[in-house]
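First, the structure itself, so that you have it in front of you.
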Amino acid sequence: MSESNGEIGVGMVGHAFMGAVHSQAWRNVHRFFEVPLTPRLAALCGRDESRAKEAAAKYGWAGVETDWRTLVERDDVGLVDVCTPGDTHAEIAIAALTAGKHVLCEKPLANTVAEAEAMAAAAERAAARGVRSMVAFNYRRVPALALARKLVEDGRIGEVRHVRAVYLQDWLSDPAAPMTWRLRKEKAGSGALGDLGAHIVDAAQWVVGDLITGVSALSETFVRERPDGEGTGQVTVDDAALFLARFAGGAVGTFEATRYALGRKNAMRLEVNGSRGSLAFDFESMNELSFFDGDAPGAEAGFRRILATEPDHPYVGAWWPPGHLLGYEHTFTHEVADLLTAIGTGTDPAPSFADGLRVQRVLAAVEDSAAHSATWTPVGG
Amino acid sequence: MSESNGEIGVGMVGHAFMGAVHSQAWRNVHRFFEVPLTPRLAALCGRDESRAKEAAAKYGWAGVETDWRTLVERDDVGLVDVCTPGDTHAEIAIAALTAGKHVLCEKPLANTVAEAEAMAAAAERAAARGVRSMVAFNYRRVPALALARKLVEDGRIGEVRHVRAVYLQDWLSDPAAPMTWRLRKEKAGSGALGDLGAHIVDAAQWVVGDLITGVSALSETFVRERPDGEGTGQVTVDDAALFLARFAGGAVGTFEATRYALGRKNAMRLEVNGSRGSLAFDFESMNELSFFDGDAPGAEAGFRRILATEPDHPYVGAWWPPGHLLGYEHTFTHEVADLLTAIGTGTDPAPSFADGLRVQRVLAAVEDSAAHSATWTPVGG
Amino acid sequence: MSESNGEIGVGMVGHAFMGAVHSQAWRNVHRFFEVPLTPRLAALCGRDESRAKEAAAKYGWAGVETDWRTLVERDDVGLVDVCTPGDTHAEIAIAALTAGKHVLCEKPLANTVAEAEAMAAAAERAAARGVRSMVAFNYRRVPALALARKLVEDGRIGEVRHVRAVYLQDWLSDPAAPMTWRLRKEKAGSGALGDLGAHIVDAAQWVVGDLITGVSALSETFVRERPDGEGTGQVTVDDAALFLARFAGGAVGTFEATRYALGRKNAMRLEVNGSRGSLAFDFESMNELSFFDGDAPGAEAGFRRILATEPDHPYVGAWWPPGHLLGYEHTFTHEVADLLTAIGTGTDPAPSFADGLRVQRVLAAVEDSAAHSATWTPVGG
Amino acid sequence: MSESNGEIGVGMVGHAFMGAVHSQAWRNVHRFFEVPLTPRLAALCGRDESRAKEAAAKYGWAGVETDWRTLVERDDVGLVDVCTPGDTHAEIAIAALTAGKHVLCEKPLANTVAEAEAMAAAAERAAARGVRSMVAFNYRRVPALALARKLVEDGRIGEVRHVRAVYLQDWLSDPAAPMTWRLRKEKAGSGALGDLGAHIVDAAQWVVGDLITGVSALSETFVRERPDGEGTGQVTVDDAALFLARFAGGAVGTFEATRYALGRKNAMRLEVNGSRGSLAFDFESMNELSFFDGDAPGAEAGFRRILATEPDHPYVGAWWPPGHLLGYEHTFTHEVADLLTAIGTGTDPAPSFADGLRVQRVLAAVEDSAAHSATWTPVGG
């Protein structure tokens, strides 16, 4: 049975980078969190059987499938975890939801708004039957960012005026770096925009508690051909995407996603300035949140570096004593803990596919604007 | 005589914040730099005689004038320093140049492109007669930024791909902060854009050694009425201006100027990512430059915090031992040292009025784009 | 069998904080590292059976024992992991080694030099029979610190002149914080000295590649009574220990361990200054190493922040892409990976019990000096 | 007259580094601060007349003297500023005080306790006649450190438990750096100890508001011979001095002064941990104070970076807007502003010669302890 004796069978599609880190979360979540359901790593799915078997052995999955259609129909699978490139998300996730399986889907939700709409609709129908779905914007589960969200919710930042979000990596700085599926539009949908931009759009909208209503954007591909086996391949996605944004509540923002910021390895940064306070975060120091409390007396005011490792910080109580840092992988453990809790308690987890669709609409508006000389482009919906 | 016995008579128009810091530079420059001409603080000009006299006494000026027209005609004045609001720059500077006086003019060069064009033309005519002019983009004289420029010039950054520039202050965060001339379009030309944006546009173009060719912009006025004596006054300038930019050489950039970034006091920040290296600077730590050398072996690479206080850093040899920091005012001392050297050696100083005009054209394109829904707007010229 | 089919049975004594983090390492090490032996979590040992069973279930151990004597004799246990308070280390570890079990022992190795000597002797005898032992100075397995060690080894720091090491926590700042075994001399041996000081003594000696030859020390107990159930208990250990040190190679150092540095949560910091370079590390930013390369041209020199998350940094290749941070727990995964590799390849792992003894001798000299008005005290050996 | 028409004639002995920075302060103090007396730069004194004249011209002094005895007797000199090496402080300062001149004396106050005692006694006698004296511990005038002092005074740090003070420079790291008077005991009294250690002893005692009662110390001379013209000269002072300390109020501390901390240019750092709060300061970021407020709710607590550039921070109101940084030289401007105010208002300025003597006694205890194997040495007095 997929959910019985307090267990839930998990089937994971894809076993590259995301598969590895999701596996770690599924294997360990119940060792730290009081989840109502313990995950059983039922099967991992990959098209090449021998590679799938190798991955299953390495990551601790009981079996393998080579066709995701079989996986989503297995009786012993109650939850499908979609870790494939974006072009397959819609088909797999909708099939799984239709089959009555809970779904965790990697971000961006899809490669197009149409796919994302179909997915959100499927998720809504499934929810009516008690089937849950979540899109894997794992940065919502960084304790320091969850604390940021809480400070905004508690009114400590006041009316938000400025958002400044960048996601900087540098692995394409070198023109000799090889081709990958991430550089092909038909697989990845977009480049830095969907891979990195999706994270900061979701994080910004979530932390601020507001939606982007319009954008003006430009994008650039700095290196258009890359080595691919013996020859070269065409890069058909953006290397960098930049945009200005307005939020419904009146805030203005700048966003930038790039893989060419030499020296920045995973600088997912978010700054928020409001009428009462300000926030600053950088994933390269992911255990820290900078908070400026505008209510403090002027002579004592300053950005305080909160080491978000105290027991009363979000998620941290499950782990180690203060100052004993968490890392990247723990955001996934938190994610599946929340998902399992939602399933077990019969509630809808967040971020939902509808949240994923909202991000997708922003990305689509960005692409549209960039394709039309940065023309101001309202976010659809 | 205006220039005799190694001295040059200086006349300064305006005596508010800029007047105070310029005075400090004029009084002390020759104590640290081997300048060919020693400044004599001949006269300070202000419309209210008693206030002008008070300022002259405080700042060390020999006399006062209440009409700048008289000042620029004085025989004992060889250099006119324009520290007034932007609406008067063109008239004063052109008159001074016409009268054969060297001119130092505060930034932004003017309130309109037309004024700036007239000023640049006057400067060019004057230069043909050996009369020099400089626009006071003092941040070019921060040693750490001058070092940044040098690293780009030396090819250490390679081909520039990304520019990220913000200038964040917070003195308008409080809606109860009072009106000032800086919030009136007819005096200041624009708000955060001209006051702060001008600095980062000049700094970015200078450090990168390239020009912005087009922009997409938005601006916002968060608080439209402010206390003004007994009533309230209308704020007629932008509180914040944000724009995307493309550079002639292929780089893309984001720019933001605001007076609402609560907790940021003078965060003039510049980041540059190139194919060989990266740079990061924040004026709130103005003695430091962060430099990532992409040529270093991967395992040893990292942003290095260069404390730009070594004798072989620009301007620093004139001052104190390593680690004995310089401050804001010293950028002005460096500025007038360079100007006096240019005058004394018969060369044209930089940034020229033509450089100021280039900045003005970017600001005008930003205003234009912001007024037309962020439409992509080429920079005129 | 304890070692068969590529597996090794592990028995862990103790299941508090250290037990939890060791369990996580044992459960996951083979998912990331190519270890010659896969750990099988055979049994966890705790005196209270029901609490031991609860812990075993939570942490994934197959069974429990309530007497460590039984555990160390079990046929299916090939490795004993000692996570108990220091007063029991010697007895358990020596019994395990005598029984032919490999041993991982938490730090400090023991509560006295005599115990540590007996342990080191037992370890040496065991090693002759192919039985391995390691003391759990996990900070040697922080990638950034392992990189520090490598830079010293490669000669990049030159002749070491200064060592500056502190380990700052603040959980006793509040006089109302309750008693624990860590505050009783008979259980813990010492206070901040053994708990925190042991780490920085080992880390300093290891990174520098040199031994401390003498110390001058003082210690202090700021709060001598603490709430303990209904009454109060006597604190019989040091709250803070500070000492000066000389190294065999000529370097001088300052060391400080305290639990009263309000606001510092786990600030295990190490600074090294040599004739060619300098290093700085702070565990609160554990993914970073600051390195000053004295060979760089003066105008470009600066402490570089190396984000030690590159594939060619120690241990990192097994994990995530650059910039995707590791946390506290991963140091233990690295530790057991190294131990399993040593066992599998028939080599002696480090840090050995002899290394632990060397640390113990420094701690003893510190206690001695502190008890005798900071008299200079050579480190025995 | 020495004090008339609101002016005071200043005579300065010595014109090297300290003379340059003192001159800048005397020339400009009244441009920023409302001082009751305006300094008139009457005469600079140096033994070599032509070099003295050159310095006087450069720094703006009206005349020169070649014998300090003549200077201190001049009628137009009301204040003597002693900027010479430490071996001459006592003789000059006592003569000046005896002649009824106010005295500003560079630190350390003297080279021996006996000299310092004589100076403090002379200062006390002079004070009875309205003649003022101050020792130039300029770091008390760093706004961020003055704010630190205020926070302690206001009880925000609570009972102080830990002091951690280092003063790190690196100009002797290179064994080829040449001899200077600073490396000869007969001129400088001591090496890093008197030059750098004196600053951190004074700063620590002042910020904490408590006195050091005993020390255990070691010192080291890493390079004993240095190039000196054509040959080599003996270094007869310490290159580094380290000590443990106890304060009267129960705090414990570590102190370190060195000129061999490669990469640290002027890292005068002070950390204080108390029962209610903590402070951290580093002169290399001299405009910042880090303050941990232990009264803040745990989840919001963190070290806040206070940019000490607000109008209500000590000394700052006289200068520029927030975020427009001050530098090293301004500490001297603040110092002479305070001294002139004290003279004008008939009060005794701080730090007094008695404060300087207190520091001297600590330095003497450190030397004593270091000479006797780190034996615990009470501070005399």
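A, B, C and D label the chains in the order they appear, each numbered from 1.
As a working rule, a contact is a pair of C-beta atoms (placed from the backbone, for glycine too) under 8 Å apart; a residue touches a chain by one contact, two chains touch by 3 or more.
Composition by chain, UniProt nomenclature: A, B, C, D = Oxidoreductase.
The shown structure was predicted, so the numbers you read here are calculated from the model rather than taken from an experiment.
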Joint neighbours of chain B and chain A, given as chain labels: C, D
With contacts defined as at the top, give the pair, B-C or B-D, that has more of them. B-D
Chain centre separation in whole Å, for chain C relative to chain B (CA means): 54
Between chain B and chain D, tell me the centre distance in angstrom, where each centre is the average of that chain's C-alpha atoms. 36
Return the residues of chain C touching two or more other chains; collapse runs of consecutive numbers into ranges. 264, 301-303, 307, 310
Mind listing the chain C positions that touch chain B in their complex? 147, 151, 289, 291, 293, 298-307, 310, 312-313
Considering only the defined contacts, which chain C positions touch chain A in the complex? 17, 21, 23-24, 27-28, 31, 58-60, 169, 171, 264-267, 283-287, 307, 309-310, 320-330
Hey, which residues of chain B end up touching chain A in the complex? 161-162, 164, 166, 168, 170, 173, 175, 216-218, 220, 222, 240, 242-244, 246, 250, 252-254, 256, 258, 260-264, 273-278, 292, 294, 301-303, 373-376
